[in-house]
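In the two complexes below, chain A is the common chain; its partner is chain B in one and chain C in the other.
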Partner chain A sequence: MSKMARSKKEKQTSWQRFCTWVNGGTAEQPLLPAEPAKPKKAKAAKPKKQKAQPVRKEWMGLSRFEHIYRICAVLIGVVMVGVLMIAVLQLPLFGSPDNPSVNEVVERYVEKGLEETGAVNMVAGMILDYRAFDTFGESSVLFLAVTCVTMLLMRDRNNTNKEEDLLTAREHVIEGYEEDIILTKVARIVIPCALVYGVYVVLNGHLSPGGGFSGGTIMGSALILFAVSFGMIRMSQFFNYATFRKITSCALMVYAASKAYSFFTGANHLESHIPLGVPGAILSSGLILILDICVGIVVACTMYGFYALFTKGEL
Partner chain B sequence: MPFVYNFPFFSIFICMISGIVTPLLKNGKWAYRLSLFAAGAGLALSGVLLGRIGPANESFSFMMGHFPAPWGNELSVGPLEAVLATAICLVMLMALLGGSRDIFDDVLPEKQKLYFIMMDEILAALLALTYTNDIFTAYVFIEISTIAACAIVMAKDSAATLVSTMRYLIMSLLGSGLVLIGIVLLYCITGHLLFPNLQQRVLELVATGQYTMPLTVVVGLIVLGLGIKSAMFPFHLWLPPAHGSATTASSSVLSGLVVKGYIILMIRLFYKVFTIAVIRELRITNVIFLFGLAGMIVGSVGAIKEGHIKRMLAYSSVAQLGYVFMGIGLGTDVGIMAACFQILVHACTKPMLFSCASALSAGRHHNKQLYALRGAAYENKLAGVGFTVGALSMIGIPLFAGFAAKVFFASATMAQPVKMWMTLLTLALSTVLNALYYIPAVAALWSRPAEGEAGEKQPSNPAFAISTVAFIAAVFFLGICYQPVVTLIQNGLALL
Partner chain C sequence: MEHLLINHYETAAVILFGIGFLNLLLQNNLVKKIIGFGIMDSAVYLFLASQGYIAGRLAPILVGEVANAADYINPIPAGLVLTGIVVSVSVTAFSLALIQRLYQKYKTVNFDEIVLLARQKGDE
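And now, the complex of A and B:
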């Protein structure tokens, strides 16, 4: 309870205070500031001041203990650092051959990986075939992260006002008129190279270092460069929120469907009929190529999505 | 392999694919229907699975892909997992039904679809945490549930929810980070990620006395991380604002399920990786026990001081989670059985309390202060009855589910004299404290409102009615016919 509420209550007897508490507080002296009593539909228009109050009060309560908090925080931090350091010092030496992590699991990945997954790049074989369920989870994490940011930052009637809209409109006009010559000329050369390189890294994910995550980041940075140098309007002519949504969902759907098929056949000991191909050829190693492409698309869209949402609040 | 064994994998994938498809749907209504379908399908699949492996008392592991376990991923399913998964899907379905009206009021129309994506993925993550047999898969799904849980708090988009989401996000990420460091250290000293292999190596390490210090740190970090994420006592302060300010369905799912997901994982790790004997030897159980006891008292005291009904329920969650940690802290099979039973009881009771509380406040302009709700039960009788049943169950009146849980906790302590006295005294105190805030709240709801205070009568809401009736039935089922459930949990723990 805050100080204010307490000082007002000093005049009451303890019995009256008890009655008030049993009644859940009174309308005149709420224990905590009430939420504004307005019909739900009109909620969007309510002033924000009323809601900000409990936060401030809480902060004032915290500041009384600030010194103790700081000392405790430092102490706990030092203790945690010490404990972790001691624990890490006792770990087996990195890279030594008699490590516990050098066991039958790693052995099979290294020795039979090529034969069983068809991928020359051992890492791709591991993350997209042996442990594809984890990687599906990780791609979903990216998808969720960008959905989350969309939920928070996408322009809507709660987080924008007329001034901001005006400002954005003006920026768009300026973008349309002024083209930074150096930037656009360089971008014209760099963007195709970056895109092609990204595609190369994705498509060669099963043959050489790289794959969906790294190639997707490269393609995403090319998209960001395009948006920076040519403006969001030009960008949105071929890449807007609807396309973004469709591409990401479809890529993840393909991933989910192909992996569901592979898990189902694998678990039920059925023949999967997916040819592994000749190791080293571009069309080889079964599903890994398709999965790499899906992951690459999701990562590229996510990277660009983060950029666009954080700068403009729209796609 | 019987076809039924595919069901855990199907239920996880149905939920994940529903989440992925949702952005392509027309509007929030369709997304809502798809979420209901996913939860319903999960419920049906888990129910059939439970019907199959429960009576037969069997457990199996399911290979996720073409490669057997230490190389590929694996799910492991037994009676305990099946019971928990069925309960999770049921509570998810009912929470969505009970909070549907508030979701469409609180979340902006263009963002409703995104909200249901989060709900689907939370369900998938909870199922995966329940079924997984691999510690890294567990971490991936911890991440998914962390992000999605923050998003469903944030979805209401008011100042209070944004501040509480920020707090929740920081604490939750701190928890994930600690768990991840724990997993990394564990991999360094064991070289495995799969539960059975980990257990074998951990037992070897304990027997030879190697890496004792890093192993202790690993257990500490994982318990600490999962404890922060499931609001164990000293780390519980993020919970009341987050659960108290979010929209109804979010509060229900967060309080009823999300915090439980981490506890379920903790119990499974204790059984399948570290083994209870090792955990007891490291004295971690004593720490969890004391934190649990403190949480029971601190949560209830917080709830007594609270005048906002949803925050009061959130503080009560802290207290109820304290019971669960107390049960785990006993470090015995009976104690953990009681903890699992309490997980089910709380998962069925708290979502009902949340959805009833917000249905009651709907007639009072959504003012959730207790003084504004005087007499609200007369405007929505079903919600009033639901709240009363939930409150009585939380206090621990016989015939209600909470009573059975408390009896199990009390009888579980009999073998340990010191812990018995502490548990019994705290249980008694906590029951009195629970009564001290639930009874005035129920009394306020059923007292005659003063002049001019009465709100308008609420239109009937079939979705809410279904969910409340189902929850009331579940509370009475767990309170009266608990024996089959308890047998399933005991068999499941024995097979873990």
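And now, the complex of A and C:
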């Protein structure tokens, strides 16, 4: 009986520990207990205890404010959902062809799309030809995001930490000694397939579902798998920060240059003098293929860059 | 009510949007706030995609030589959703990086605790 009670108690405490872990942990209960970071955490915890009195006062004020805040937030949320529901009531019926969003723009894109852009996939023709500047903005947003993440998380002179250095050094040693047999064997089979499939999706962007963004994500996941299974050291032999910078900026520059070219030859759509080719062939639809490849390269590098920066803080 | 049932994708999108919005407002954990943001994003995509659908028509990839606008669904929402996904990925990555820096500094991802600790440090 007592044993059962004790196990129940233990369960509860582990559940509580899990709760605090989910809620982000506190200074006393660190998120990652394995880190050799005791001296620093003790330092961080001490001033908190010294200043317990004013902190408690502020907590009280905050909790009273929070009570009102929570009620207001729920009210605002419910009212917003109600208003949006009334808006849904006014919407045309789902799937009806006389929906006002199906207007002359759609008609033009569908009926003239093939002869004007040469792309069988109308969405590709739309986003990489009629609205190519918009897509250029998207790739720039991705590039900007990875730049900001690099700024925030890259380990350099100004952003180093003794404990983390120790941790990475230990991981490098472990990577050098052991190779996970199952992971590496599977990765050897899967990575080439994933890369080829990604290239296929990118190159067929104007013919079938897919394109630069989806294909780039597939290639990026292959790169991530390589980094996971063979280690960052081997990865950095052919893909490091310098190559990352060169590849992404070159791809973005090519994109910008090709669209600027079509600007000079009349931005009023498509007097780019590039033959559109036979619809359905790989080498068709003018600039769309080049733009797709550029977008795919940017997306693949960005996905891998996010992974590397968030796990190790280096590229 | 029947209207809401026929437009069930839009209704689900609105409910999901409300869930994400309340998550964003009520959670103290910054990572959970970002999750709420992601739910709101998905709700918007669901809404846009459902607006583009027309019953009984083909996906906007041409079959045959002649393109007839009455045969294909609306391709514009697909492009808009693509834009939205890319921007939401970028915003999520950026905010998670900010949260990681906050965690490195304050050793917590609880928003209230971070505010308190920041005030304390400002007092010193």
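To be clear about the criterion, the second predicted complex is superposed on the first by the 244 of 315 C-alpha atoms of A that agree within 3 Å, B and C clash if a C-alpha of one lies under 4 Å from a C-alpha of the other, contacts with A are read in each partner's own complex, and residues count from 1 in each chain.
Criterion: a contact is a pair of C-beta atoms (placed from the backbone, for glycine too) under 8 Å apart; a residue touches a chain by one contact, two chains touch by 3 or more.
What you are looking at is a predicted structure, and each value in this text was computed from that prediction instead of being measured.
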item	value
Partner chain in contact with A:Ser101 - chain B first, chain C second, else both or neither	both
Chain B versus chain C as contact partner of A:Val81, first or second or both or neither	second
First, second, both or neither for A:Phe213, with chain B first and chain C second	second
First (chain B), second (chain C), both or neither touched by A:Asp156	first
Partner chain(s) touched by A:Cys148 [first = chain B, second = chain C, both, neither]	both
Partner chain(s) touched by A:Met253 [first = chain B, second = chain C, both, neither]	first
Which of chain B and chain C A:Gln237 touches, first, second, both or neither	neither
First, second, both or neither for A:Met122, with chain B first and chain C second	second
Touching partner for A:Glu111 - first (chain B), second (chain C), both, neither	second
Those residues of chain A which chain B touches in one complex and chain C touches in the other	22-27, 30-31, 41, 48, 51, 55, 84, 88, 91, 99, 101-102, 105-106, 109, 131, 134, 138, 141, 144-145, 148, 152
Contact set on chain B toward chain A in their complex	1, 5-6, 9, 13, 16-17, 19-21, 23-24, 62-67, 70-73, 105-106, 108, 110-111, 114-115, 117-118, 121, 128, 134, 136-137, 140-141, 143-144, 147-148, 150-151, 154-155, 157-160, 163, 181, 185, 187-192, 201, 211, 213-214, 217-218, 305-308, 362, 364-374, 440-441, 443-444
Complex interface listing, chain C residues touching chain A	3-4, 6-11, 14-15, 17-18, 21-22, 25-26, 28-31, 50-57, 59-62, 67-70, 72, 74-79, 82-83, 85-87, 89-91, 93-94, 96-98, 100-101, 103-104, 107-110, 112-113, 115-117, 119-120, 124
Residues of chain A touching chain B in the complex	1, 21-27, 30-32, 34-35, 37-41, 43, 48, 51-52, 54-55, 83-84, 86-88, 90-92, 99-106, 108-109, 116, 129-134, 136-138, 140-141, 143-145, 147-148, 150-152, 154, 156-159, 245-246, 248-249, 252-253, 256, 260, 262-269, 272
Touch list for chain A against partner chain C, complex	22-27, 30-31, 41, 44, 47-48, 51, 55, 58-59, 62, 66, 70, 73-74, 76-78, 80-81, 84-85, 88-89, 91, 93-97, 99, 101-102, 105-107, 109-111, 113-114, 120-123, 126-127, 131, 134-135, 138-139, 141-142, 144-146, 148-149, 152-153, 161, 207-209, 213, 279, 306, 309-310
